[in-house]
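What follows are several structures.
Two complexes, one shared chain (subunit A), two partners (subunit B, subunit C).
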Partner chain A sequence: MAMTAIDRSHKVDKVLGTITALRGVTAAAIIDSDGLVTHVRRDFEINTDALGAAVQIAFGSARRASDHVAQGATHMVLVENKDGIVMLAPLSRGFVLALVGDSSAMLGAVRFEVKQTVPELNTIFA
Partner chain B sequence: MTDYGNAEQTLLRSILSGKKDVANRATLGPMVPIQLFQALRLIGMGSSIEEMVGDGAHALVYQSGKRVGQVLGNAVLPKAGKDLPKYLELMRGVCLQLSIGQLALEKADNSAGILTLKVDECVSCAGISGVKAPICNFEAGLVAGVVKVFTAREVKAVEVKCNAVGDSTCAVDAHILA
Partner chain C sequence: MHWLESQVERLHGLSETLARAADCKQARQSFREAVEDVAAAVVRRDGVTACFVCHDGLLIETAGRAPDFEALSAMTQHWMVAGKEAALTLSLGKVRQMVIVGHEHKLALFVIGQLAVGILSPSAVVLGRALAH
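Take a look at the complex of A and B:
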């Protein structure tokens, strides 16, 4: 039986909840191809319109730059900042998973969780 | 505020004033050929941006349109109150004033929460043909912004008809989200 939009939302929220339970992860969001934040879990206020567009542009720019060095598909974009990290991972149908972590976030653990999570989210969005 | 931000404020004040005169255009006047607008829209905010940011170009253009839609929507909302037909009629007037296109409500599906608005003579794609998918991301975003202001809800707009793919008009489904 096909999944309803409400079922899908609950499943996505649960997945995002698992990610934001990781140490130092302060926000997790799903952004569609138009830059609309379709789901978000966060500890702080975010301008979601601006975030959504910036995520799609940042991910698109990274992928386009990578095309020029012929390294194949982009699986993840990592931004290391003075006070934390932003991690972007592509999902199916143009969606992007975005994670925000503070300086206590353990990069390896977050990266591992993202790699586990992407197939699960793709199944939900299929 | 950045220089683009300052320029945006000046431009929006000019649009909302309803006056057509533009300073420093004494000889050439306020109008430009539609091809120039389309060059800026489809090359400047289209193919050239797409070369740099790939699929991110769609989000950039959509969100730009949404921002403009919200600004225009907020400007006319006080005159319309909670009257949707009046609000859309005022928006149609603004779109005609700016030659964006002939905006009109095509269908309202209240149970599904979808408003379908058509944009006849759409400024972005009039005269364009041979594309495989709708290209009026700016107008889709604009509709999203306009409907978001009226409903005070998040809106996902999807262009479902486009003159550039061979349809007789452009049409946008505005999905009002929970």
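Take a look at the complex of A and C:
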């Protein structure tokens, strides 16, 4: 039986909840191809409009950079900042998973979880 | 059974369960929690300086004190690649452990599925004895 929109939304929220339970991860969001945030879980106030637009710009730039150096599809974008990290991973149908972590986030743990979570989210969005 | 051996076997079992699991999320959480518990328990042993867990050269968990955990995890990836190549060439089978002994410190590395667990100690420490019980 096809998943209803409510089922899909509930599953996505659950996945984002698992991700934000990781140490140091302060926000997780799904952004659509137009840069709109469709789902978000966060520990702090965040301008979701700005986040969505920034994510799609950043991811688009990374993808073009990869094209320029002929390295194929972009699987992950990592931005390491003074006070934490931002990690982006493409999903099916132009969606992007975005994570924000503070300085206590373990990069390897977050990346490992994202790699396992992307197929799960792609199944939900299929 | 040797304490560390039993912990490593348990982690291997959980890693295999994760690989086969229908409900990956629960299996992954169990595996991650078990790995974190082992790292914390290992570092409490006399003679152990630090313990870390990494994946693809990036840190997943740290315990104890080391001058540079990030360097340890990055170099672990180097050693793993070299070790795997050597093991393949020499038909040793899958790499499970490596020990690198320096003049001052030593590093024992255990491969558990997609993760590596590293245990750092002064060279003089006999890790087999320190982690036996």
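Note that the second predicted complex is superposed on the first by the 126 of 126 C-alpha atoms of A that agree within 3 Å, B and C clash if a C-alpha of one lies under 4 Å from a C-alpha of the other, contacts with A are read in each partner's own complex, and residues count from 1 in each chain.
The definition used in the following text is that a residue touches a chain if its C-beta (ideal position, glycine included) is under 8 Å from a C-beta of that chain, and two chains touch if they have at least 3 such contacts.
Here the structure is a predicted model, which is why all the values come from computation and not from measurement.
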> When the two structures are laid over each other on subunit A, do subunit B and subunit C clash or fit?
Replying inline: fit
> Counting only touches as set out at the top, which of subunit B and subunit C does A:H75 meet: first, second, both, neither?
Replying inline: neither
> Which of the two partners, first being subunit B and second being subunit C, lies in contact with A:Q116: first, second, both, or neither?
Replying inline: second
>> If we overlay the two complexes on their shared chain A, which of subunit B and subunit C does A:A53 touch? Say first, second, both or neither.
In response: first
>> Quick check for you: in the superposed arrangement, does A:G94 touch first (subunit B), second (subunit C), both or neither?
In response: first
>> Quick check on the superposed pair: does A:M106 touch subunit B, subunit C, both, or neither? Answer first, second, both or neither.
In response: second
>> I'd like to know which partner A:H10 touches here: subunit B for first, subunit C for second, both or neither.
In response: neither
> Does the superposition put A:R63 against subunit B (first), subunit C (second), both, or neither?
Replying inline: first
> Which partner, once the models are overlaid, touches more of subunit A's residues, subunit C or subunit B?
Replying inline: B
> In the superposed arrangement, which partner chain does A:T18 touch: subunit B (first), subunit C (second), both, or neither?
Replying inline: second
> What is the angle, as a multiple of 10 degrees, that the CA centres of subunit B and subunit C span when seen from the CA centre of subunit A?
Replying inline: 170
>> In the superposition on the shared chain, how near does any CA atom of subunit B get to one of subunit C? Answer in angstrom.
In response: 28
> What does subunit A use to touch subunit C in their complex?
Replying inline: 18, 106-109, 111-113, 116, 120
>> Quick check on the complex: what are the subunit A residues that touch subunit B?
In response: 31-36, 38, 49-50, 52-53, 56-61, 63-64, 67, 94
> In their shared complex, at which residues does subunit B touch subunit A?
Replying inline: 51-60, 62-63, 66-67, 137, 140-141, 154, 156-157
> For subunit C, which residues are in contact with subunit A within the complex?
Replying inline: 24-25, 28-29, 32, 53-62, 73, 114-115
